[in-house]
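Every chain is named by a letter (A, B, C and D) in the order it is written, and numbering of its residues begins at 1.
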Amino acid sequence: MSRATPPSPAPAAVLANPEMKKTREGFGHGLVALGETNPNVVVLVGDLSGSTNVSFFAERFPERFVQVGIAEQNMMCVAAGLASVGKIPFLATYGAFASCRSADQMRVTVAYTDLPVKIAGAHGGISVGPDGATHQAMEEIAIVRSIPNMRMVVPCDYWETRKATIAMAGDAHPYYLRFGRESVPVVTKEDTPFVIGKANVMREGGDLAIIACGVMVYEALVAAEALASRGIQARVVNLHTLKPLDEDAIATAARECGAIVTAEEHQIYGGLGGAVAEVVVRQHPVPMEFVAVRDRFGRSGKPEELMAAFGIKAPDVLRAADRVLARKKPGA
Amino acid sequence: MSRATPPSPAPAAVLANPEMKKTREGFGHGLVALGETNPNVVVLVGDLSGSTNVSFFAERFPERFVQVGIAEQNMMCVAAGLASVGKIPFLATYGAFASCRSADQMRVTVAYTDLPVKIAGAHGGISVGPDGATHQAMEEIAIVRSIPNMRMVVPCDYWETRKATIAMAGDAHPYYLRFGRESVPVVTKEDTPFVIGKANVMREGGDLAIIACGVMVYEALVAAEALASRGIQARVVNLHTLKPLDEDAIATAARECGAIVTAEEHQIYGGLGGAVAEVVVRQHPVPMEFVAVRDRFGRSGKPEELMAAFGIKAPDVLRAADRVLARKKPGA
Amino acid sequence: MPRLQLTVDQLRERALIVRRDIITLLAHAKSGHSGGPLSSADFGTVLFFHEMNLTPGDQKDAGRDLWHFSIGHVTPAIYALMGERGYYPLIDLLGFRSLEGHLQGHPSKHDTPGIDVSAGSLGQGLSVCCGMALGARMDGSSRRVYCVMGDGEQQEGQIWEAAMFAAHYKLDSLCAVIDYNRKQIDGDVQDIMGIAPLADKWRAFGWNVLEADGHDIPALLGAFAQAREAKGRPTVILAHTVMGKGVSFMEDDYRWHGVPPSKEQADKALREMGTTLDAWTERLRHHKEVAVAPSVNGAS
Amino acid sequence: MPRLQLTVDQLRERALIVRRDIITLLAHAKSGHSGGPLSSADFGTVLFFHEMNLTPGDQKDAGRDLWHFSIGHVTPAIYALMGERGYYPLIDLLGFRSLEGHLQGHPSKHDTPGIDVSAGSLGQGLSVCCGMALGARMDGSSRRVYCVMGDGEQQEGQIWEAAMFAAHYKLDSLCAVIDYNRKQIDGDVQDIMGIAPLADKWRAFGWNVLEADGHDIPALLGAFAQAREAKGRPTVILAHTVMGKGVSFMEDDYRWHGVPPSKEQADKALREMGTTLDAWTERLRHHKEVAVAPSVNGAS
């Protein structure tokens, strides 16, 4: 596990008033950076150029941009065909469709063939807001993790999304990148190390570990700050790669902290929490609490409002921390 | 949790030489029984009448049988339309397609609307044999469990499949029923109680618990028998319902046995093992070991041969039991 | 009298009301789609106020006709039509897309009274309608089933699975309408992924194909009447429309597919339609009754 | 000379060899599909031994043509064609569907040398070929792409997404062949889910449509030649075939879609084809060289 620089607690002031930036812009900018250096990178989209920000690439490299229209199944397999002749295709649509509408194509044609198709699932999570349940993808981690050969990254902010986009182009396997719609707090820096499969410790602590991905890394940091003010030191682990999983970082957290809270903008079954639990029981069983959407469809509303209503804001992380600390064995 | 009658160990002789019967026949016979009593039950199929055994129903009730051809997306939504006007539609295809090809349709149209569509995913697991990887569905538990409103049953034998088929018709929610291709040992009886959401303890024991579903219940019983001959008493829990999960049965097993092995014919990430781990860390953390397919695609071969090659036979369960016992805390 | 069968003039007036509702509810929500709802307003009005046998408030009525918008994103039109037809008080329109309201961004059965099947992922609705039509036929019912699709949506393969199915099973109680506004999110349909010749496609899939100006009320009435006559095969009506129809600065501009007007733009649009944002908001707020005034009588 | 361009007689002889291989490998595996592989044998032979520029053993050759069977279940035909064309020793055919062999039930890139993209779930292959053709065009390559589909498979909506895509992008290096054997697993295609009029459908989707007797070698040669001429749009060849072609007791019987012959049935079938199961097994076991004998010379 690599340690972010600096691993010291983010100053409370920064957390209270963070810079806000869209992860999807990180994706769009990452694509443009790739386009400049790698002529094999091509981009496909299913009639969602603007909202997935592949429009940035399309404007710069129109000859390497493929508009597929509203046909996600076809898009997944066209990408596979492109990959089979040496291209590095990125395809973009909303996560609900990227993960579900073309799941069979992802499984059989892309993953079983182990082609370097990079799937960008935009609009992940309840924070998608007013579009409502059908557009709030919250099952992708469970789906993608179950498919062999797939890799999966859920970056926490603009910079990490940009880096993940660039990094996955350099690995000859299929990837799923999940990001959101809204501006979210920037909690890493341009030069924060990012290595696929290596969790980043965002804050040191030994009383409990909060393991999070996506926008929940910020919520975890805020919760950790509140805990610190009560003298409780929470380690915050940014588990940006859901597959392959950084089992060491998880086992170390279990061993050194003795209690874990997971936090994700995803359904509670089979998500990051489930992935961590699978490692914990095999390596070092400790009490865990899950902050996640409790097996419910989303609904329309404002992003922040929904995150609160669905129980995945910093206060929810805090409550989970208190619950898990109450369960923690004295000696552990 | 209901206790199967009798919960006493299945005699070694029966385990060594079990009656063999196909689970898909249990499905086919269950459908016919439903057809006789419930005029609203209709059956759809995607050009796989024979291998899913819906042909039994089609012959008896041709006017309530709908051949959809090779169009799984359409089938899922036609079933939804039928359900919306009062029918209780069962649809059948291979699990790979039931879970993946129509995942978006299952999520949005069926599950979000919460319609009583009953999805039968045949040919689940590596034991599908010579057809190979694409036809060996091993991701269904992860996928289906992640979708709100879905229910899921993975019965262990002919009788349980028959009962599950009939039971799910009586509940006004969407279901996914997973069953296999080959004849498998009959380990329950016609009158063994079956209640959706209630695990059955197939064998009592307090040294460790083996929690399994599908054909792995038999493998678990065989392993438990071998353990018993060494003086170790393994509880065998038949967790036929993957959603809603019998959390009590799992927590009780953790508390009373102090160590758990899970066994499933499914990918290791997000399956039964993951579901159990999620409960264990929240309720009573104990060491666990997983018997499952280790995040690999299947391949062609003979069913038994493949189960051995992929590490999910009774000896694998036994080895996992030994591993977990070695990790178990002395006092637990 | 569940088929209202308003006159042509009444339908025109009603469509104008629906358009005003669309603009008003969008301006309040500050979120949602303008383009498709406006292009759907005329045939939607003909469906809800003439063609379909509806019994708002009695969803269990087994005799009523069934309808489903496969283009779930045109909720502003759907909800305005439903509100005006009496499914719920018009004031509810002002809660569009809010956490408190029952009008979700995309149609949701368990939130909004009158919705049979939830939607929002394109390409699925025609299949749903096939199931409805088949189920009704199994029950010996003559209820009809109406499905609204988009033209960009025709790119989804599932539509062609359903098209094949409906023809195979000769579902002549099924009538589909395509909002052929030639636009989708990223631009012109013909540039994004051409669907022409669309009528040929549907004919080759075994359907009775009708074409009509989707803003010409008499033409639409004629098409729906013809659809009722077709026996042994389903009918699809290609309704040639203009995205954003009725608002000068929105018409035929794909950039209005998925965005709402600002308050100022809404007021401007409503003034083009003979009212103002304030006035129309007031109407929605206080007009709690079933929206069809007693003076408006059906033709039959 | 990567395009072998065998003569008509040589092709007929080669197709017979391929059929013998199919029966023999199925009998040994005791598992697999008979019907579709036999109906595909003739156009498959024309593709592998005349039409396509192939470089077995040099998969990285950027000039070779690309081919993909969207009907993954016809592996017996695919593997026989590949074996005869020299992708691997013929003895490998005897390991079909076994744990030890490299010939999976459905095509697998990481098991079998020469497979570009794995398959087995119907309806996906044409899209894959669209990607191949588009990628080749981006690279300025003139390599051609061949896709084999089934007639039952036409029921999958994804095929029509891909059809639309290929026409939209004018992928004229793409040539699809449909094994139009009128059968699928559960029976006659027209009963299961009618696809007629199939040529009209493809035309309405913008393709150049050719029809040919799928067992008539000269007709097939002509169709492939015509496909090369078509500019600005992709070509589909409806190859009218008979399921189980070449084995009297299998012909036109859908029940042979997915089952192998027993040893006795295989021997009977092989005797109809002028050999025996034992003799042909011996041939496969010992004929390790590239199967095209040096005496067989291409026409160009």
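Throughout what follows, contacts are C-beta pairs under 8 Å (C-beta built on N, C-alpha and C of every residue); 3 or more make two chains touch, one makes a residue touch a chain.
Everything quoted here is computed from the prediction, not taken from an experiment.
Undergrad: Going by the contact rule set out at the top, which chains touch both chain A and chain D?
TA: Output, common partners of chain A and chain D: B, C.
Undergrad: Going by average Cα coordinates, which chain is farthest removed from chain D?
TA: So the farthest one, by centre of C-alpha atoms, is C.
Undergrad: How far is the middle of chain A from the middle of chain B, if each middle is the mean of its Cα atoms, in Å?
TA: Chain A and chain B have C-alpha centres separated by 30 Å.
Undergrad: State, to the nearest whole Å, the distance from the C-alpha centre of chain B to the C-alpha centre of chain D.
TA: Once rounded, the distance between the two centres reads 37 Å.
Undergrad: How big is the gap, in whole Å, between where the Cα atoms of chain C centre and where those of chain D centre?
TA: Centres of chain C and chain D (C-alpha means) sit 46 Å apart.
Undergrad: Which residue numbers or ranges of chain D touch two or more of the other chains?
TA: 108, 118-121, 123, 155-158, 161, 164-165, 168, 193
Undergrad: Out of chain A, which residues touch more than one other chain, so two or more?
TA: Expected reply: 68-69, 71, 73-74, 96-97, 100-101, 104, 107-108, 112, 133-134.
Undergrad: Taking the touch definition from the header, please name the shape of the chain graph: line, ring, star, complete or other.
TA: Complete.
Undergrad: Where on chain B does chain C make contact in their complex?
TA: Going through chain B, the ones touching chain C are 42, 63-64, 66, 68-69, 71, 73-74, 76-87, 89, 104-105, 107-109, 112-115.
Undergrad: Applying the document's contact rule, which stretches of chain D touch chain C when the two form their complex?
TA: 123, 155-161, 164-165, 167-168, 193-195, 197, 200-201, 203-206
Undergrad: So in the complex, which bits of chain B are touching chain A?
TA: That would be residues 96-97, 99-101, 103-104, 106-108, 111-112, 133-134, 138-139, 141-143, 145-149, 243, 260, 267-271, 273-275, 277-278, 280-282, 285-290, 295-297 of chain B.
Undergrad: Which of the residues in chain A end up touching chain C in this complex?
TA: Within the complex, chain A contacts chain C at residues 45, 47-51, 67-71, 73-74, 96-97, 100-101, 129-135, 299-302, 305-306, 309.
Undergrad: Looking at the complex, which residues from chain D come into contact with chain B?
TA: Of all residues in chain D, those touching chain B are 29, 31-32, 72, 97-99, 101, 103-106, 108, 111, 118-123, 152-153, 155-157, 184-186, 191-193.
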